[in-house]
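Next up: some structures, all given as structure tokens.
In what follows, chain A forms one complex with chain B and a second complex with chain C.
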Partner chain A sequence: MTTIQEAVPRERAAVRREALYFAVRNGKLMTGLTIVLALLLLGLIGPLFVAAAPNEYSVKAMSPPTGEHWFGTTTFGQDIFAQFVHGLRATFAVGVVGGGIAAVIGMVVGFVAGYVGGLVDEVLNMLTNIVLVIPSLAVLLIVNAYLGIRSVAVQGLFIGLTQWPWAARAIRAQTFSLRTREFVDLARMSGSGTGRIIAREIAPNMSSYLFMTFILLFGGSVLIASSLDFIGLGPTEGVSLGLMLQNANQWSALQLGMWWWFVPPGAAITAIVGALYVANVGLDEVFNPKLRET
Partner chain B sequence: MMLRLDHVTKVFRIGAFGGRTVTAVKDVSFDVAPGEVVSLIGESGSGKSTLGRLILGLSRATGGTITFDGRPARAGKDYYRDVQGIFQDPFSSFNPVFKADRVFAMIKESYHPGVPEGEWAERVRTALRDVRLNPDQVLGKFPHQLSGGQLQRLLIARALLLEIRLLVADEITSMLDASTRIDVLNLLAELKTRGLGVLYITHDLSLGNYLAERTIVLREGAVVEMGPTGDVFGDPLHPYTRELLSAVPRLHEDWADAEDPGTCLYHERGASGGLLEAAPGHLVACARSKTC
Partner chain C sequence: MRRYFGRKLLIYGLTFFVAVTVNWMIPRFMPGDPVASMVARANVTKPEAVEAMRAYYNNLFGLDQPLLTQYANFWGALLRGDFGTSIWLFPTPVSQVIGGAVPYTLALVVPSVLLSWVVGNQFGAYAARRKLLDNTVLPVGYVLTAMPYMWLAVLLAWALGVIAGLFPVAGGYSFSMRPNLSWTFFLDLLHHWTLPFLSLFLVALGGWAIGMRNMIIYELESDYSTYLSALGAPARLIRRYAFRNAVLPQITGLALQLGVLVAGALVTEIVFAYPGLGSLILKAIQNKDFFLLQGAFLFIVLGVLIANFIIDIVYVVVDPRTRAGMAGAQA
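And now, the complex of A and B:
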């Protein structure tokens, strides 16, 4: 009796508590998050324990992993572990900034276009398509020529500003199909405004989808950043996992058998993106009560 | 009159560039008074649900006006304090990621924020018992864990929690078994005596029509016949109504063409434009063509 009386009014708190209950019991979500958080933690605190600066040269060149150099050294004697932990930081930063900006723009454009429809949709859709067909590499070349990308944050910003269109299109399509459902009308008849309907009726129905969008944008940003680094449009200061891979490639690490140079950054990028994907599958089960029961 | 529809028309634009149009509602005029039940009968695609959505302000009429208490019917918090609707598909009326009883919490948040939690829970339980639901069975469940009939009754209970004056009931008994259906109809009858106006939308000649003072027969978006329920059912003037009332579709025969229209009362009396008032309050459209 009392439990039901309490359950009705405290609906929102109850939903949150319940999601958490299922979240901590979901193996996929926990595994994925653990891997990502472990790498993030390594990136955050690792540099504090590494004495060497990432690009500092030493006499011990081309050394395989040893007790002194955990991940070995490069052709020039740079400590790969130092590069790795600093690179993790840069990679997470560019992923979060790029993916975050793209996800926010994509969600706002997608939700508004899909829900409001009509002329607003036409205009936003046109804008989306224009940005979609602009070759972002060419734009970045021009931007770089005039402004120059010197930091990871600026690189993330530009990636974010050019990456959002496909997310906006996907979210718009989903919103289109959800807004015709009768529970949206019922919410309207319960006195909810447009913003509240989007945030509390439509978005929760695609929460795992939105998270997935962010994950893909995060992964995409990391990969785009690596390619930009390769053609010399990356940040000129510091080091990133992408830069490490490109350096390894440039100095023929594969041909020379220096596996310790390219395996750690490659494995880390794969682990981050892969673990986020596994977490997303778990999150789908947490948010969707129907998947929970099977 | 509480609710008044005046020459309401709804045209949908379809196709890639909105080039083609579909007229869902054609020049419909009627009104609903407090404490009156008006039943709207028509086959699938006749535009009855579209009319319901227009009245609820969920879509905008292309032509004509809909007024409630003299003010235009426009979606908004104040309008929904007076007018509520129940949709025909209970499964899509609930957000699948939330528990079904969230529909009550939403109403409390918007319209009864001051009511103490305990008292509100008691009101919810009372409303549920009114629609013959066991509160312990339906509260705290997800929509997919409940049956269509239970969900439909939750929606009715939701409407009961507001002191509404007009209810647009779109096929509200479609998923209820016979005994529950009677209970819900008796509940409506009781609410009617308390002054609730009901627009009872249905596709068949179910029991619910006998609650109605007036019946409107809709076909392809236009009114073919309307009048006091007794007159329409007892003395149907339009061949379509007669066909509907005989309610025995014959095999190998098209439903619409089953009966020869015979003499057209409308032309006999030399009427033109709009509906012919054959008897006081009993209106009928031309039988020969839909556009006449």
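And now, the complex of A and C:
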């Protein structure tokens, strides 16, 4: 028992090195990460190199992709590439804000319910189940319709507030299995408070799980934000990939055969979310030795 | 078993209560004044006329009463099936407007959800641990689940509708037709229904296939599978046992996914201008018809709750442990 305790710090560094070793050799993780990082980079530096403002009108309307307008232009002569790179930014922002807030709420609720147990667990579990059953898009529809969302950050905030329940449930189950372990008992006996035990003993032991939860919440937030944008409840200021799809649909790009208008935004959303999912599977293989077969 | 259903019903009851309360609270405590915007929409300039309209609407919606009375009245009206009056289609009651749209949404959602679940599970179970199939099912599945519902809908409409010209891309039936009970109308309905159905079916398919594949691999690694193969049981039999065990979490997963599936149906309907709840919600938002929006919200919540309860019943039928009162399913 004591030898194990002493061995922990050295072991931790070794575990980290081992994870890195398997991470760079994992095809799924590397492919997923490359796609996500490439699109993130395009979103970050793209707008610096595109002269046109995303919603600026020009005389050259409905042009298919050319050397001047890489992705063509809309019915109003807006440059679709400019919209695309700005939209990528909004998509990543909504994922980080929405996924981040949902992860924090899910962690707080999950840890407290799983570790404290008893009546607190009952109440939190009931709350989780209620929010879980209510379809989140329906709630977001009502809230956004009445409030009139202006910025991507506010949109992300409300998405985060509705997306946390399944994360809370999963984290609660994980916490449940950790709370009766010896090292947690030891920390409790040595007088650590609840918050300290959760932060120092329980959370680090499921850090990989928490990270993967965040990735899934990120992907979910991106998808639900694009649906909201598509219904016409997106941020009124700026552009996003969902808003591009909405505009394309509203101005009959489909019937006019303007495929360059609706293909790029949807492809980018699919690429980001799909790459994240694949990277997540890769991460699972890196952290879980049982899955490291191939 | 009674405890299991009692707990479920308590949660669904509370959920409905919370949903109704949220529905009642949001318009009353949020910035913005629906009555003012309604009056503004009427484009009346005379101050007396504006005042009269404002008083009329306040009276109609009971906004001049104390909050608690308003809340009680809201519940009373709800229980009588009165969801208020639509502003977009004034003076049609909201319940009537929604009642006309719900059949279309149900006809789209129920078959696509059930079929994608069944087919996805079969695919996933079959692909698990079969190298070649697994290597195709997995990437295709991830691409499908990562797709925004409306994007696949747009792509299908463009490829099969606009370019190939095989299917109509808008409406629930041809504009030249009136709804009636004839074969031609039914075939026309089916023709318009195919693309939205296909799009919903495909996006949902990927997730189920991946989930089932992972569950089957997990089950095939468990002790009972090893034991069975040590006894010399044929691989097909072991797979059948694994499938039966793996289906249980997939049923729970179906309940958890309902909200996402309904959301997908709403945006898909908008792409195809399909006359269901999704298009109705779009119209409600465009016309600032908050009563219609709120009515649609309550209908969706109610539908999801009922579907959840049906899944709970199915779970009890499928999993004998819940019947025996053991802790088979989590609340």
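FYI, the second predicted complex is superposed on the first by the 222 of 294 C-alpha atoms of A that agree within 3 Å, B and C clash if a C-alpha of one lies under 4 Å from a C-alpha of the other, contacts with A are read in each partner's own complex, and residues count from 1 in each chain.
We take it that contacts are C-beta pairs under 8 Å (C-beta built on N, C-alpha and C of every residue); 3 or more make two chains touch, one makes a residue touch a chain.
It should be emphasised that the depicted structure is a prediction, and the values quoted were computed from it without experimental measurement.
J.: Does chain B (first) or chain C (second) touch A:Phe287, or do both, or does neither?
T.: first
J.: Could you tell me if A:Ala52 is touching chain B, chain C, both of them or neither one (first, second, both, neither)?
T.: It touches nothing on chain B or chain C.
J.: Give one of first, second, both or neither to describe whether A:Asn249 is in contact with chain B, with chain C, with both, or with none.
T.: Once the two structures are laid over each other on A, A:Asn249 reaches chain C alone.
J.: Pick one for A:Met62: touches chain B only (first), chain C only (second), both, or neither.
T.: Once the two structures are laid over each other on A, A:Met62 reaches no partner at all.
J.: A:Glu201 in the overlay: touching chain B, chain C, both, or neither? Say first, second, both or neither.
T.: first
J.: Should A:Leu233 be classified as contacting the first partner (chain B), the second (chain C), both, or neither?
T.: Touch partner of A:Leu233: chain C, not chain B.
J.: More residues of chain A in touch with chain C or with chain B?
T.: Touching more residues of chain A than the other partner does is C.
J.: In the superposed arrangement, does A:Leu186 touch chain B (first), chain C (second), both or neither?
T.: A:Leu186 sits against chain B, while chain C stays out of touch.
J.: In the complex of these two chains, what residues of chain C are touching chain A?
T.: Residue list for chain C touching chain A: 11-12, 14-15, 18-19, 22-23, 26-27, 30-32, 139, 142-143, 145-152, 154-155, 157-158, 161-163, 169, 256, 258-260, 262-264, 266-267, 270-271, 278, 281-282, 285-286, 290, 293-294, 296-297, 300-301, 304-305, 308, 331.
J.: So in the complex, which bits of chain A are touching chain C?
T.: 125-126, 129-130, 132-139, 141-143, 145-148, 166, 219, 223-224, 226-227, 230-233, 242, 245, 248-249, 254-255, 257, 259, 262-263, 265-267, 269-278
J.: For chain B, which residues are in contact with chain A within the complex?
T.: Contacts found on chain B: 53, 56, 58, 75, 77, 80, 84-85, 87, 89, 92-99, 101-111, 117-118, 120-121, 124, 135-136, 139-140, 142, 144, 155.
J.: What residues of chain A sit close enough to touch chain B in their complex?
T.: 3-9, 11, 15, 181-183, 185-192, 201, 204-205, 207, 287-290
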